[in-house]
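What follows is a set of structures to go through.
Next come two complexes built around chain A: one with chain B, the other with chain C.
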Partner chain A sequence: MFGDYSLGDLGSIFVMQGFAGLILFSVYVLMALGLAIIFGQMGVINMAHGEFMILGAYVTWMTSNLFQAYMPGLFGGYFFLAMILAFLASGALGMLVEWVLIRHLYKRPLDTLLATWGLSLMLQQAYRSVFGAREVGVELPQWMLGSLQVTSSIEVPINGVFVMCLTVLITIVVAYVMFKSRWGRQVRAVVQNRIMAGAVGINTEKVDRYTFGLGCGIAGVAGSAFTMIGSTGPTSGQLYIVDTFLVVVFGGAASLLGTIASAFSISQTQSTLEFFMSGSMAKVLTLLAVVGILMLRPQGLFALKVRK
Partner chain B sequence: MTDNRFFNRSELIGILVLAVFLVAVLPLTLDVFRLNLVAKYLTYAFVALGLVICWGYGGILSLGQGVFFGLGGYCMAMFLKLEASSVENTKIQSTPGIPDFMDWNQLTALPFFWKPFHSLTFTVAAIVLVPGIFALIIGTAMFKRRVGGTYFAIITQAVAAILTILIVGQQGYTGGINGMTDLRTLKGWDIRPDHAKIALYFFEVGCLFVCIMIAQFVRHSKLGRILVAMREKEDRVRFSGYSVANFKIFAFCIAAVFAAVGGAMFALNVGFMSPSFVGIVPSIEMVIYTAVGGRLSILGAIYGTLLVNFAKTSLSETFPELWLFGLGGLFIAVVLAFPNGLAGIWGDYVQPRIERLIASRKPKPEGWTDGSVADGAPAE
Partner chain C sequence: MSDETNKGLLSPLRRKLLMGMAAVPAITMLPRTSFAQTPATSAVNTTGLAVTDTEVTVGILHSATGTMAISETGSIEAEKLAIEQINAAGGVLGRKIKFIQEDGASDWPTFAEKAKKLLVNDKVAAIMGCWTSASRKAVLPVVEQYNGMLYYPTFYEGLEQSKNVIYTGQEATQQILAGLNWIAKEKGAKTFFFIGSDYIWPRTSNKIARKHVENVLKGKVVGEEYYPLGNTQFNSVINKIKLTKPDVIFTDVVGGSNVAFYKQLKAAGIDLAKQPLLTISVTEDEIDGIGGENIAGAYACMKYFQSLDNPNNKAFVPAFKKMWGEKTVIGDVTQAAYLGPWLWKLTVEKAGSFDVDKIAAASPGVEFKGAPEGYVRIHENHHLWSKTRVGRAKLDGQFELIYETADLVEPDPFPKGYQ
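What follows is the complex of A and B.
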């Protein structure tokens, strides 16, 4: 298997596969962060999470088209505006969904799964009716094309580096909001004990709505970042939803650190295996390993000790 | 009221109505094409029936029923495919006597796990045992460690994803994304002409009623009551000395076997099997059939399956755009407004009216007034 490659080649291959894994890792982290808030903190199984992500991707696509048509001079910077718009659009839709649907179902977590699955079907059809069934790709600004030559045999694509930096930034912001801000404290208080949180004067309904909105908003940003490395279709979100749930569960549902660690290990395993075997077998083995470990350690990698 | 091990009087009437509907009304009113469609829908009814026991009574939501449906279906399809790939049927291939997709993928010999499927006895045993043992392993691993609820749902979903990717990826062994097509005969008996389709339909209905009887038996046994108790207050059942895990494993296994029988019927009636009936989307759809019919009602699940599928076929024929909106809306409506589905609507709104109607028609015995005597108990 290794006979045809020199040691130097192998090193480069591992670095480049590792880098491909890092891009996958970024997408997983971005998607799983939103889900970790919604599922891990609120206990809502949001099967429509992928569709919130796709909404962000479509918003990015529309923004890029707008910039191309009306402000070609500013095209290089459209992505930053698109990301904010994606966050707002997905977040607003998330808050609406919470108000109409989710808030009636907090006591029945399994039913949120069915209801949000229905929602995801409707959203998919809506995207198909509005944007067409064909996948759309975003045109990247000039500075994001091409790749960085690190050594003579290693090169990394710039858009991948950009997505990774973005992921780090968003993760830090989310961690700050959840663990340092006053609002984050309120969220954690509501999650730990809804009744007591209400008794000390926290408006639990409002906190729920904004938490769900935040989770969906982050999914929107993930979709926005996703356009940098792939094309978007009405059903693209569904492809990632199971992986994302596994990432969150594998990490230990209530732990942001666990989510990141599990996203890292899953994506690295998958992209390393992909080099040695077909993509589908790599995926099967990775998922099998995850399911196997979850059977041995159901609480996930980083579990908070809580009394049930 | 008859106190039977299988059903009480109103359930008996319900089962008889369903039997008349499936055995007489549908075959007499529908042409063979439509009847075959009903046969296809009824294969999902097996899965829905299993979900009533597992999810409705046991409270275990499995999003991986497509896995068991697929395992059963693939076992059956492998047998039929082997019979269709006899040496004289496949003499144009570079290796005659193996299924066509293997030949296309440059396989020259039958893989070892295909060989036992030459035998019908083995196949029938495998249809029940392979999914049953698989469910036993998953169930033991999960329930002994007290994994339940949402986690179980997500992990079964992952299993469904894994199996789909595996089937699609291993084209040479499984037929890949196209699945196993061109199934022809069962022990020399052609399954494709109209009279065979009708016979298979009746065979399927027979199997369905066997499964209904098993489900009814479970429901009326002590086991069924423990399942319900477990769903409502798991800890109390555990503290009463029952092994909660074992009961859950049993419910999950029985649901798996029902689903596998459904899958095998699918391969027989529809004439092919493909990974598009294994993955996450079909698995969740099967849960929806159960939810629409009523997760607590054995017969409701069957009506729910038929209704959703009829709606799916007719709506997607006429308004392909609207169908997903309709289906999505249906899920949300069922979850929000009618958690007990059709059976709940029937039990809460329709049945009381019918009973009142019947009661008002009946001439009242002399000296009796409404409400003075409770439920026919003799007045002292």
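What follows is the complex of A and C.
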């Protein structure tokens, strides 16, 4: 298949293809981080994760409309504000959901699956009633469109670079919060032993609520960022949920490092295979590989050792 | 039937009266036939459909919820508009159309179940409905078993024909061949890259397109790629497009994937003003979600664009916007859905009856001169003769008409040499 091309051409394509893999990697990490926190730290299977992402996307859409209507001069920078608003909106909704629904189900982890699935249906219908059944188009500022010309034949999409930077930033923040801050220590203590954590004076209910809120908030930011590369509609969240769970489960439920490693291996396999065969076949082979590895290592790539 | 069950309760006198009336059945119809040229119900409805002296009931069966609601909302709106207009113009055979709307909920078994409910319980005279091929395939055995009439609006892959279905959208050869011919001639295109979503319609359409490119246009297909429905990452295939440098990218990606595909194409630096792209799956409806700036310059090949400049369309577009809001857009399928109730009305009037068998037999040759797309006529195979058009997407999300076939294109659901 490469016979007709010059070495220079091939080189550029491989660079761009490598970059495509890195973008896919960042997308996977970004969408899986929120779920990894909630699933990993709290054991809650949040089927409504995609809908929290789409809330972020809708917030972005509304912000962009507001800026266009009232502050067209500042339109170039609206995206940063939109991401913060998306974080707050999804995070707040997440905390509300935790308070109303999830906290009653901590002792029945399988029921959270059903409850959050119901929640996802309700949210989808709510979006449909409020924003309409059709997809909305989120207009981006001019500087985020198009690609960077690295050399004469290598082009790198700007939105891809943006997602990568955002992913790195959010991962660092999450890692810091989880492993260096006082609050993160409390979260980890609750995960390891809820009763003892309570006994030493940690308000476990509050920790739960904020953890759930943080996970949902990150989903909101991811949704906001994905308006650059994907669609925004009532059911768009469904497009992400399967891949998200795949990444989290493959990585090992309770490990952030595992999530990153799993996102990396899945995205690289996927994008390399996609280049050599059709997209559907690539997906099938990737899933097969994941299933095979999970059969050998049911706990995922990285498992936290917890005394049960 | 109430006469039967109540007989025992009637006074002997009334019973005698009734028996006397039964002896002259024509007289019992008198009060109704005295109304302006409304034919008697018993004459126009011999199979027990939901037809009264003043009303006839039809069903609307689309997804108002679930994934497909994005696409099917426009069809529902168009069908309701058509029904309202027909009623305002006096209805069908003197009867107002009443509709019962059912929600297929983007779930194919639900479609079949609701179709059965409409036909068996509600006895609707016709169903305007379905959108995806999967939903049509689920409903088809039901309408055939209970002898219903389905008006199906979507452009689709062909390879189907039923006495009980009128296909108001284009089948694949109608839609694709004229577009490929045009772009081959206009752009001197020789190499094509196909990319589609992975299900029956894109695969069948691309099969037809490939045969046409290879056998008729003497060109070459340099890539044919499929992605699962809902896929959101297209960077790898975009790199492949960059590597193969095709003269034309030919796409039938659908749904949410569409948005991702065009956004990433634009981000990857592929300028659609310089790289010809021909799509058969993007209508004005989809551009709403994709964003005009991401797809401007692309060519779409179908039978209707909102911007068409003809008297019918100039009346249709404002009427649609008046009913459904200034911001709504009208895509190819929406227009085809609008044809459904009108074609049914015209056929009923031609047949002089609501009976499904008579309508099925009377359908071929029925013409609708008021169609927003211009003029359509039903073919013997229950598809429509229609023109095929190529439009170029503009920044504002509308298409600019670039080319249209001189004559109506014959529908050919079982194309020889293309299977």
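We adopt the following convention: the second predicted complex is superposed on the first by the 301 of 308 C-alpha atoms of A that agree within 3 Å, B and C clash if a C-alpha of one lies under 4 Å from a C-alpha of the other, contacts with A are read in each partner's own complex, and residues count from 1 in each chain.
As a convention for this text, a contact is a pair of C-beta atoms (placed from the backbone, for glycine too) under 8 Å apart; a residue touches a chain by one contact, two chains touch by 3 or more.
Fair warning: this is a prediction, and the values are worked out from it, not measured in the lab.
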{"item": "Which of chain B and chain C A:Gln125 touches, first, second, both or neither", "value": "both"}
{"item": "Which superposed partner A:Ala115 touches (first chain B, second chain C, both, neither)", "value": "first"}
{"item": "Touching partner for A:Lys283 - first (chain B), second (chain C), both, neither", "value": "both"}
{"item": "Touched partner set for A:Leu30, first chain B, second chain C, both or neither", "value": "neither"}
{"item": "Partner chain in contact with A:Leu166 - chain B first, chain C second, else both or neither", "value": "neither"}
{"item": "Overlap of chain C and chain B interfaces on chain A (superposed complexes)", "value": "125, 238, 278, 280, 283"}
{"item": "Contact set on chain C toward chain A in their complex", "value": "64-67, 69-70, 73, 198, 224-228, 230-233, 235-240, 242-243, 255-260, 263-264, 266-269, 285-293"}
{"item": "Residues of chain A that touch chain C when the two form their complex", "value": "5, 9, 13, 16-17, 19-20, 23-24, 27, 125, 128, 132-139, 145-147, 149, 155, 157-160, 226, 228-236, 238-240, 270-271, 274-275, 278-280, 282-283"}
{"item": "Chain A partner contacts - residues on chain B that touch it in the complex", "value": "61, 63, 141-142, 145-147, 149-151, 153-155, 157-159, 161-162, 165-166, 168-169, 280-281, 284, 287-288, 291, 321, 323-325, 327-332, 334-336, 339"}
{"item": "Residues of chain A touching chain B in the complex", "value": "39, 43, 45, 47, 101, 104-105, 108-111, 113-115, 117-122, 124-126, 129, 238, 242, 245-246, 249, 278, 280-281, 283-284, 287-288, 290-291, 294-295, 298"}
